[in-house]
Structures are given as structure tokens and as C-alpha cells.
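You will see chain A twice below: alongside chain B first, and alongside chain C after that.
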Partner chain A sequence: MNRGSLAKILSVSAVGALVLTGCGQAGQGGGSASGEGPVELTMWTHSAGNPAELEVYEQIIDDFNASQDEYEVVEESFPQGAYNDAIVAAAAADDLPCLLDMDGPIVPNWAWAGYIQPLGLPQEITDSLLPTAVGTYQDEIYSAGYWDAALAIFARESVLKANDIRIPTTDEPWTLEEFDATLATLKAAGYDTPLDLGAEDAGEWWPYAYSPMLQSAGGDLIDRDTMLSADGTLNGPEAVEYFTWFQEAFEQGYTSNAGTVGNEEFNADEVALSYTGVWNALDSLDTVGDDLLILPPPDFGTGPRIGGGSWQWGISSSCDSPEGARAYLEFSFQDKYITAFSDKQVVIPATEGAVEASQHFGPEGDLRPFVELSQEFALLRPQTPAYPVISSTFAKAGQDIMNGADVQSTLDGAVAEIDANIQSNDGYGF
Partner chain B sequence: MTTSSSIPTPLLAAPEPGAAAPPRRRRIAAARRSEGRSGLAMVAPALLLLVLFLVIPVLLAFGLSFTNARLISPNPPRFVGLDNFVRAFTADPAFLRSAINTFVFAVVIVPVQAGLGLLLAVLVNQKLRGVTMFRVIFFVPVVTSIVVVSILWKFMYQKDGLVNSFIDTITFGAWQGTAWLNNPSTALGAIIVLSIWQAVGFHMLIWLSGLQTIPEELYEAARMDGATPWQQFTNVTWPGLRSTMVFVLVTITIAALGLFVQVDVMTQGGPVNSTTTLVYHAVRKGYREMETGYGATISLIFFVLVLIVALVQRFLTREKD
Partner chain C sequence: MATASLTSRPASRTAADPGEHVLRRRRKVWSYVAMSALAVVFLFPLVFMFVSSLKPDAQILGDVGSPRAFLPVGDISLDNYFGVFDRVPVGQFLVNSVLVTVLTVGLGLVVNSMAGFALSRMRWKGRSVVLAIVIATLIVPFETIAVPMVYWVSKLPTLVMEGGILKYDFGWLNSYHVQIVPFIANAFSIFLFTQYFSTIPKSLDEAARIDGAGWFTIYRRIIVPLAGPAFATVAILTFLPAWNQYLWPLMVVQQEELRPVMVGMQYFFQLNTAWGEVMAYTSLITLPVLIVFLSFQRAFVSSVAASGVKG
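Let's turn to the complex of A and B:
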């Protein structure tokens, strides 16, 4: 190779690199005005794998962009699995979009880290939403969402009747003794594992699904008064009692962690009861029809609880044009859009008006019980920046207990881990 | 084993004193300078990448491990001295368990995988019809993504999975298998078996290349002296494989100590910490739980441990003359 061709190759690759950098730069710009024309508002969603949800967003954005010519919202969607990493990376590079959605329990962490700014929406909007659809940190609202999800126990009416099992109501849910007796009866009736708790799932499902049961038993993930320690709540006698029940349910074969994520086992009548979410309800309704019962979870002592808090919207603190972002969000919280989300995605609408108008959740809707469960029993996961660590530690401890670890010492270890993390973060601002 | 010392001599040898005329010497010096320049130019890309992605991160990790740096935090990192190291060794049972698991894994994997690889290599080194097919079969798992392999084996290890139904069939139902990955006493063993199955083909190939460098004449001479196949193996094959053995040993050890993917996909360190490893623990703490400083500490301890193991291996396999 002579010197001339080397120089050529070098210059070509240098130009190529420049072009690539240029392309990379073009994708950035958190709400900067590019010369004339409307101010561009960048917006990231986690819904790349969810065409139904994306369709509604595109509708809102088109309507908003057409309704005024001051701002232009530009949407970019990511697959859910890579979304949080993308946000953390973008924040590290100081390159966050103006508008971003996030899972409810992470809101305090990102607020504490300075990723997002107080939402600043008019109070009548945030007041009209379900309390679990609003994300707060230190009494300040940072995020708001169009919907919430809810968990319930799915059952077949015919199966319960055939086995003389009382059908529980929100006023009179199953007590723990009743629930145990039910499981024993159903196991005797030929169900190999009568209850599907979804334990084959991993990650956020564990705290979302099982920490409400822990709260129902009288324990909690953390002392919510101080948010400084999990000692006594996550390893107190109530928590030990709950997790002993949890462990025994696996030991006695009432439930298992085999099987697939989702609700296939229930739809195929391999399990009699399934603890699962509203997102699986339409499939089950299709296969089971009128026989489907949507029941409250059992009362572990202090009344049933289910988890609350789904995906919500916030404004990044590096947004150049927060007024524009606010204008967009204000525009988007219209009942018609919230109803559209609910109908297409099968989630509980966050406003009264949208609930009434919704296809599935209205007074005569086939999934109406979820609205009552959400209103009566929904509890947010603790609103502290320590939540990611609490979540990961709780999931790990729960899995260990499921696999036969000693309950008290596992919970003590989890408490030590959470408390050490809170201390090393100087209390996370509490 | 003189290869390492014989190569550079012609380049480094000084010109014979007085023999070369001054202009020639100048020309040689100029040629050597230009050679040095092009050598530097050629090594530059690799050097740059190594510095950027290895040297700088290691130095950063060293610095970070003495701080409480976090991935997400409004507060700047603070120097905390040896707190992270004290925490690892006194207040983090999962860390100690990770260290033990990692070394158990390596202690089993290194001899078994190397031995099995050698056995397979000797078998497929014979001149038989269809031997290439066996080479391909043994090598297929290596070119399959380890994530895919792990997911498949996860299904096979289930209570009613392929492994248990196989056991059930060959023992005529006399012995029931367990849910291998859910049982703290079998989970690590299950991962070991899968890892050997996946990687043994690669080392078979390395051994095979070593076997094929041994000249056939040596075997002929041995046979003429009346050596049995076993004597041929111990006196001709094994000494001839020495440098291959060192390479296989070092690569298996390093790969074994870095165990991560199988654990991440199949067990997430559970059940009850029975499969957590140092690398997995570092990722869990440093990235998933966002304690960058503590994650760096674990990585640094891991680095030192691997360095010690590598040095011990180097010492044990050194040239004895």
C-alpha cells in the first residue's frame, strides 16, 4: 500500500466518522428551537413493543401539533426492556428528552437524582386523577399517568361452585384460613397446583405482586413514616408470618414457579386460581366467557391490598421549554384520550369521566370489578428514592424464601442490605 | 521450547564491530528507525483501544472503589476509605458466597473440561471415516450463543424437563430427578455441566491442533521401541502438548472465573445465593443496584484474585530449565 492510498483511506474514514457524528447529533436537542418554525419538544416512550398504546400517543401528538403552531412534539419509542437504561445513559450524557414516561415507583428516585422537575400541571387535572396515577416525592408532584393497572384473582365460577367454595366479595374477601382451605379443597379436586401466583416471573413483578400481600399481613417494605429503615417492617413478626405462609404454599404444592409468564395455565384450566393483572383479563374472558370471576385477593390480616402505580409522564429538568411540555401534557389529559388508552390497552382509566365512557370499565363493563379493586385496595409502593434497591432486595429475598431459605434470617439480611444502602446515600433526602 | 527466545535475536544483534562501513551503518540505522515507526503505527490502534477500554477503566475502578459513587445521585461521590472493602468481607454474605462459588466452579471446570477436551481430541484425531462429522458435532455448541444455550437448558432442567424424563427412562422410574435449578444443592452443579457441554468443543479444537503438530516419526520410533499406546501417550503425546496445555489451562481458568451469562439467564444468583458469582455480584451491586463504588470494589478484588491465580499458574507451568 503506498502513501497516497493510505491517505485516501484515512480521509474517507474521517469523513465517515464526521457524518456519523452529525447523524448522532441530529437525534439530540431536548426541546431546542431550530431556527424558525415551532419549538421542538422531544418525547421518549417505553412502548415500542406495544402498537395499541403507541397508536393513541401518535393520535394525541398529531392533534396537539395541529392545534397550535408554537410547539412540535417529536416522539421516539424504545422497547421496555432497554428503556430505563436508555434514560440513565441519556441523563449521564445530559441528553434527556423533554418529555419522558416512567414506571410509577421509580419516580421518586429520578426526582431525587434531578432527572425530572416538578410537573406543574393545574391542580384540577392532577386532582381528577386516581391517586395511584400521580407520582410524588417529598409532597411535590413529579409525574401523572393516564391509567393504572390492578391485580385480582381469576377463577371459574363453575369450579368454585362444584367444590362448595364461597365466592368472596370486596366487602367480604377470603380470610387466610378460608383461602388455605380453598387451596386444599382444589388440590384434592385434582388440580396439581391450584394457584398460579406468577412466581416464574422476575424483576419488578415480585414487589408489585407480593409486597401488597405483605402489607395486607401487617408488614411493609420500609417504615413509611421515616423512609429511613426497613427494620421491624420487613423482618417483623407479621412479615415472618406472611413469608412462612408463602414458603409453605410452595412446599405443599399449592403453587409453583414452573410454567410460563402470563395466564396460559389458567386459560387451559391447569390451575383453578390465578393471581394476575388486568392486562391478562381479555384473553381469559375470551376463553372462559361468563364463567370468569374477578375476585379480590385474600385478607392476610389487615384487609386485602393490591399494588398501584403504572407508567406516568414527567418533564426532564434539562428541558429547554417546560411550558411547551406542560402545554402538551395538559392537552393530553382529555377524557377521550384516556378512554382510548383504556379501550385499546385494557387498563383502568385514571379519571372518573373516562371510566364512565370506557368500554370495559364502565358501570356495565365486563372488567368493572378491577375499578372497585383499584379504588378500595390499591396501595402505592413506597415513594422513596431507595425504591430500586428495595425492589431488587425484596425480589431476591422472596425468591430465596420460595426456594427454602430460612425466613427470619433471609429477611434480616434483606433489611441489613436496604438499611446499609439508605445510610450510604445519606437517607436519600429524608 | 526455545521459540520465545530465538525470534528477536537477529534484530537485536549489534552490527559486527568495525566490519560495516559508516554509510552502510547509517543506512541500517535509518531502516531500523523507519521499521520502529511502522511498528509503532501498527501497534497504535490496538494500544489505543487497550488504553481506552482496559487501562483507563481499571484505573477508574481503582479510584472509585474508595468512594461511595453511585450511578444515579444528586450528591457528588465522597471518599470513604476502606469502607467498601470492609463491607465486602464482613457485612456482605452474598459476596463471600460469590467468591466461594466462583472458585468451586473454576476448580471443577478447569480439570474436567481440559481433560474431556483432550479425550475428545484424541478420539477425533484418528483417521477414520466420518471423523469430521464428530468434530462438527462436538463443536456446534461453541458456535451457539451462550444465552440461547442457557435458555434451552433452563427448560431441560425443569422438574418435568428433558433431563428428568431421560433419567426416568434409563432408570425405569427408579430414580426421580429434582427441579435442578431450584434446588440450592444442585443448581451450581447443573450450571457446571451445561458450561462444560457448551465450551468443551473449543478446547477440543485447541488440543487437536496441538496433537497434529506432533510429528508422526516420533510415534513410529516409539512403536519400533515396542511402546504401548499408553506409553506413547505419556512419553510422546503429552510432552508434545506442553505449550498447548499451558494455553488451554490459562484460557479455561480465565473463562471459568468470569462466569456470568449462565447465572444471569438461568438463576439470577439463586436459589439462596447458591449460584451467585463474583462477576454477577459486581454487576448486580454496581449496575442494577446502582452502587458504582461498591461494584468497583468487588471488581477490584476480583481483579486481584485473578491476578494471583494467573501468577500461580505461570509459576507452576514455567520452564524448568
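Let's turn to the complex of A and C:
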């Protein structure tokens, strides 16, 4: 390296460093007023890379900012896969925004950790929402959302009729015996793997999709009365029976984890039944048309269940202007915005008024069955700060069982891990 | 004897020539076959990426498992690239990554080479202890110190422009320099420079000192010009991690306009992954790295060979 090169490196680097030092920004401040003008309310969403969702947020923000001159909401979006890490880092640096959205099951943990404060919205707003669109911890409301999602079993009417299979309804869903017989019939009819359970997916999908089946069988992720132990619920006889069925479904080739995340196999008629979400419904409607059936999941013993609780809004504990944040949220929970959001995102609106006005979910809407499934069968995941540990432990145990592990000992191990975590955190406030 | 050996050698060489020639040729052919096979193994992921970036999602998934996955056949278009530009401010992300990478590497070369110089050429008390501590930090994974580092950088003083006046504030979050400064000093780079500088004869320093040169002159005029391979190696080894930064910018940068390319990858993983757009985006962000590598291929190989370091 010659002298000239070193001098160039030195000078370019020094100039760059000086320029960039001038680019420093103050922290989020969680809502701050800089001299004259409105109080700035920072707002974080998990919606980066999702133009349809951002479009509605931008509309709400523009309308709110134009409707008054006391506050100004400034939105920053993050990609969903990186969002929780960004929140945890911001909390460590005491740099949380004023308004933030969060996945429903994480709400109790963030409330317990002190990231968010009680929401404080008027009761008429929170009462008007789907119960699964409200996040609580220790009987206090910490979050509320515009929508919820729902899972269903997608099928082709022609395929069921051709194989003399009864079409289940919300009043009379398939029993487990009927469901097994259906899978056997469809396999005999030529479907190599008749059911797509989405087992190739990972992470939160596992508790979201499969813990409702466990609950339908009579088990659960934790004893919801105490929130202190999973013993007897996650490893009791009902749980063992359910997971034995789950394992055998893979062993018998009724389902597999070899597919792709999404609903491609069903749309291509490679599987006859697909256990999937409302977000895949429009694609399937486009492909299958009127032949598409949106069916309730089977009854494993105590009635069908589906997971509830999606993305919701909360106010950070460090927000300097919580009254401004509440003003924004109150403004945003208007039916017209909730309807726009649900129709663009294809998710179930959280208010009755928005459901009625919705193109897809209204009385004549093509996705109306999801509203009924959500109202009839949705169950929140346990509202405890231990949920992140329960979620990851449940997912690992389920995957091990799918791959052939002994059911009872795997569930016992999961219970021991969850209980140890709860004990080491002094019961998480319960 | 001498005469016999002199006369017999050419004779035997002439006799062995055709066989040896064929043997050498065969070896060469086989080595080319082996190298081509290896090249194919390394090239296929790139070919798959570029080819898939031109296909719709359903076709990408359908072609997996057949040779079609590596061929630009079927419904080929640039739609995924248009989709990428709709979803992600890819130009801004590329500019950010180039800026952060160039400055991290450039400042790193200066700072780390000076540290290496001090540790290898200057005599001072505790030198070996400091070198041992520097090397010891190599075993600490970055993930374990990331959160405490976020806390610290959020408390550091910085300069901000407010109403045209330069003012002090606290907190480095949401800036370019928070993505650069923590990665300028690099233990492995210091170690490499120290090792390389140690191989340069000390007599050069002594001669320079007799001529009246100070430490900085010795560093700048003697050591740096003789340490080209070490500089090139460090530049290569620090370029890729800087370009691939993901966790740190994710934690310390909240404003979209300051994010680097790797954070942008997450934009495509929604409820259903847009695989075609993922491939188009990875093609776009791989291109600058490929261009840099292909442009400096000879320098890279020779510097890595000279320093005996594998990246």
C-alpha cells in the first residue's frame, strides 16, 4: 500500500465520519414536543413490506393529523420477522415509541416486562370489539386490535361429494372418527397426502394452529385457572391422546411436513383438505371458485376450537403523551377504517358495524364463514407472560412428536421446561 | 559412468515421453473435471437464485426437484423485480450498505493497522497482555453483548443539527455512525496486522530512526507500503461481515431510510413468502458483492494465499 492510498483512505474515512456524526438523531422520546407545533407521537408497526396494510395506516394517520393540531403521529414500519427483536432492543435502550402494535399472545409478557401501559380506551370501544381482539393481563386491558384471523379447513365440494363424505357445519362438525374415516377415504381415492396441516411452517404457527386441537381434545397449554403450571394439561391423558393421533396422522401418510408454506398444494389439488387461514382464502377462491368449502375443524372431544388473538395496538410505558396516543387510537377505531383494513388485508373485522360493511365478511360476503368460525370457536392463547416460553416449548415438543419421539416423555419434558421457567420468574405475577 | 548417465537419460526420457505425456494429459483432464464439478456445486445456488428471480412463485415451487429449477424456462418475466421496487426502497438500502461498508472497512484499515503496529513494533509495558486481551475478545459472540451495546450506544453523546445550529445530544440510535463505529476496531484485524508486521525486519525501523524518523513516519513510510497483502486480506475479511450486517442495524436503526440491505430481506417474509421477490432481491444485493469480487479476484486470491488466512 503506497502513501497516496493511505492518505486517501484516511481523508475519505475522516470526512465520512464527520459528515455521519452530523446525521445523529435524537431518540424516539415516545412522544415529544420540539418547541412550537404539535406534539409528535411516534408509532411503530410490523407492516414493512406490506403495502396494503401500510396504505390504511397512512390514511388513518393523515386523517388524524388533519383533524386536530395538538398531536402529530409519525409512523415507522418494521418487517414482521424482525419486529419483536427491535422492540426488545428499543426497550433496553429506553427508546420505545409511543404507539406500537404487537401480536396478541405477547401482550401479557410485554405488560409484565413494563414495556406497555394499560390502554385506557373508553369501554364502549373495547366492548364493541371481538373478545379475541382485546389483550389483557391480570384483568387489565393493555391492547386492542382492528381485526382477528381465523383458521378453517378448506375443501372442494365436488371431492367430498364424489367420495360420499358428509359436509360438516359449525353446528355439526366432523367427529374425530368421521375425520379419520374421511382421511382414509380420500387417501384411498388417490390423494397421496389428503390433508395439509401446514406442518412445514415453524415458530408461532405451531401453537396457533395445533394448540386449539389440543384444547378441543380436553388438554391445554397450561392450567388457565392458576397460570402456574402445565402439569396435567399439557401432559395429561387427553393431551397424550391428541398427540398420539397427531403422530399417527404423519405415520399413516394422512398428512406430511414436506410441502411449502402457504396453500399451493390445495390450490393445485395435490391435497384434498387444507388446514389454513383466512389470509389464503381469496387465492383459493380465485382458483377453486364456487367449489370451495370453508369448513370448521374437527371436534376432538370437547367441541371444535380455533386460535384467536392477532395484531393489536398498545401504548408504551415510556410514552410522554399517553393522552395523545389514546386520542389517536380512539380516532382510529372507526368502522370505516376497520372495514378498509379488513377488506385490504382479508382479515375478520373486529366490530359488528365493520363486519356488516365488509365486502368479504358481510352477510353476503364470500368469506362470511370465517366470521362464524371466529365467533363460535375462537379461543385466546393463554394470557400469561410465560407465553413466549410456552409457545417455543410447545412447538419443539410438537415437532419432536411429529418426527417420532415418545409422546408421554416428550410432553413431560415440555411441562418440566415450562414449569421451571414460571418458577424462576416467581410465577410471572400470578 | 558420467558419460553413460548423460547418454542414457535423454534416451529414457525419449522412450517415456509418450506414456508420461498421456498420463499428464489424463491427470489434467481429471483435475479439470473435478474442478468443473466443484464449480458447478458452488455456482448452482447462484444460478438457481438468478433464474428463480424471473419466475412466478408457483413455478419456482413446481420446478424445485427438477433440472428446470436451473433453467430460465416457463413463464419468464421481470415482474419480481418490479415487485421488489414496490415493496422495498432497495436503492436507498443499497446506498446505506455501501456507505456503511466502505467507511467500516476504510476506517478499520487505518485504526487496526495502527493498533497492530503499536503491538508489533513498539516496545511498551503490558504489550503482550494487551495483545492477549485483544485476542481473547475473539471468543465472545457478538449476540451476547448486543443488548448491552444497544444500551451504551443509546447513551453516547452526538452532534445534531437543530435549526441550523450544531448541538450536543445523547443517543446514537437511528444514525449511520452507530452502524459503523462499533465495528471499526476489530480484534481479528489487529491480530492479523500484528502478525504480519512482525515478519518485517526490525532493522528497517532502526535505520529509519537513525535517519530521524518518528513512529508515525515509520508506520506510514515503511510498514504500510510493505504490508499490502495484509491490508488486502483485512479489507476482504471485514467487507463481507459489514455488508451482511443484520442483527445490529435491526436493533439500533428504526428509520427505514437508514436501514441496510440485509434488514430489507425480512420485508418479503409475510404470512406467505413471496419467493420470486426474495430471489430478485437477493440477486440485486448479491450483484455488488459479485462485481467487487470478480473485479479484484486476483488480488483477493494472492492476498489470502500470502497471508495464509481462509475467510
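Keep this in mind: the second predicted complex is superposed on the first by the 404 of 430 C-alpha atoms of A that agree within 3 Å, B and C clash if a C-alpha of one lies under 4 Å from a C-alpha of the other, contacts with A are read in each partner's own complex, and residues count from 1 in each chain.
We take it that contacts are C-beta pairs under 8 Å (C-beta built on N, C-alpha and C of every residue); 3 or more make two chains touch, one makes a residue touch a chain.
As the structure is a computational prediction, the values presented were derived from the model and not from experiment.
Asks: Once the shared chain is lined up, is A:Ser424 touching chain B (first), chain C (second), both, or neither of them?
Replies: In the superposition, A:Ser424 touches chain B alone.
Asks: In the overlaid three-chain picture, which partner chain does A:Gly114 touch, first (chain B) or second (chain C), both, or neither?
Replies: In the superposition, A:Gly114 touches chain B alone.
Asks: Is A:Trp44 in contact with chain B, with chain C, with both, or with neither (first, second, both, neither)?
Replies: Touch partner of A:Trp44: chain C, not chain B.
Asks: Let me test your reading of the model: by the given contact rule, A:Trp279 touches which partner, first (chain B), second (chain C), both or neither?
Replies: Touch partner of A:Trp279: chain C, not chain B.
Asks: Between chain B (first) and chain C (second), which, if any, makes contact with A:Ala86: first, second, both or neither?
Replies: Once the two structures are laid over each other on A, A:Ala86 reaches chain C alone.
Asks: Going by the touch definition up top, name the partner, chain B or chain C, that contacts more of chain A.
Replies: C
Asks: Considering only the touch criterion stated at the top, classify A:Trp245 as touching first (chain B), second (chain C), both, or neither.
Replies: neither
Asks: Name the contact category of A:Phe331: first (chain B only), second (chain C only), both, or neither.
Replies: neither
Asks: Check whether A:Ala416 is in contact with chain B, with chain C, with both or with neither, and answer first, second, both or neither.
Replies: First partner only, chain B.
Asks: Once the two structures are fitted together, what part of chain A is touched by chain B and by chain C alike?
Replies: Residues common to the chain A contacts of chain C and of chain B are 88, listed in rising order.
Asks: Enumerate the contact residues on chain A facing chain C in the complex.
Replies: For this pair, the touching residues of chain A are 1-3, 6, 9-10, 12-13, 16-17, 20-28, 44, 48-51, 76-82, 85-86, 88-90, 92-95, 97, 260-264, 268, 277, 279-280.
Asks: Give the list of chain C residues in touch with chain A in this complex.
Replies: So the residues of chain C in touch with chain A come to 57-58, 61, 86-88, 99, 102-103, 106-107, 109-110, 146-147, 150-151, 153-154, 158-161, 166, 169-177, 180-181, 220-221, 224-225, 227-228, 231, 247, 250-252, 254-256, 263-264, 266-273.
Asks: Any idea which chain B residues touch chain A in the complex?
Replies: 68, 70-75, 87, 91, 93, 158-160, 179, 182-184, 268-273, 284, 288-291
Asks: Give the list of chain A residues in touch with chain B in this complex.
Replies: 88, 91, 109-110, 112-115, 202, 257-258, 388-389, 392-393, 396, 399-400, 402-405, 410, 413, 416, 420-421, 424-426
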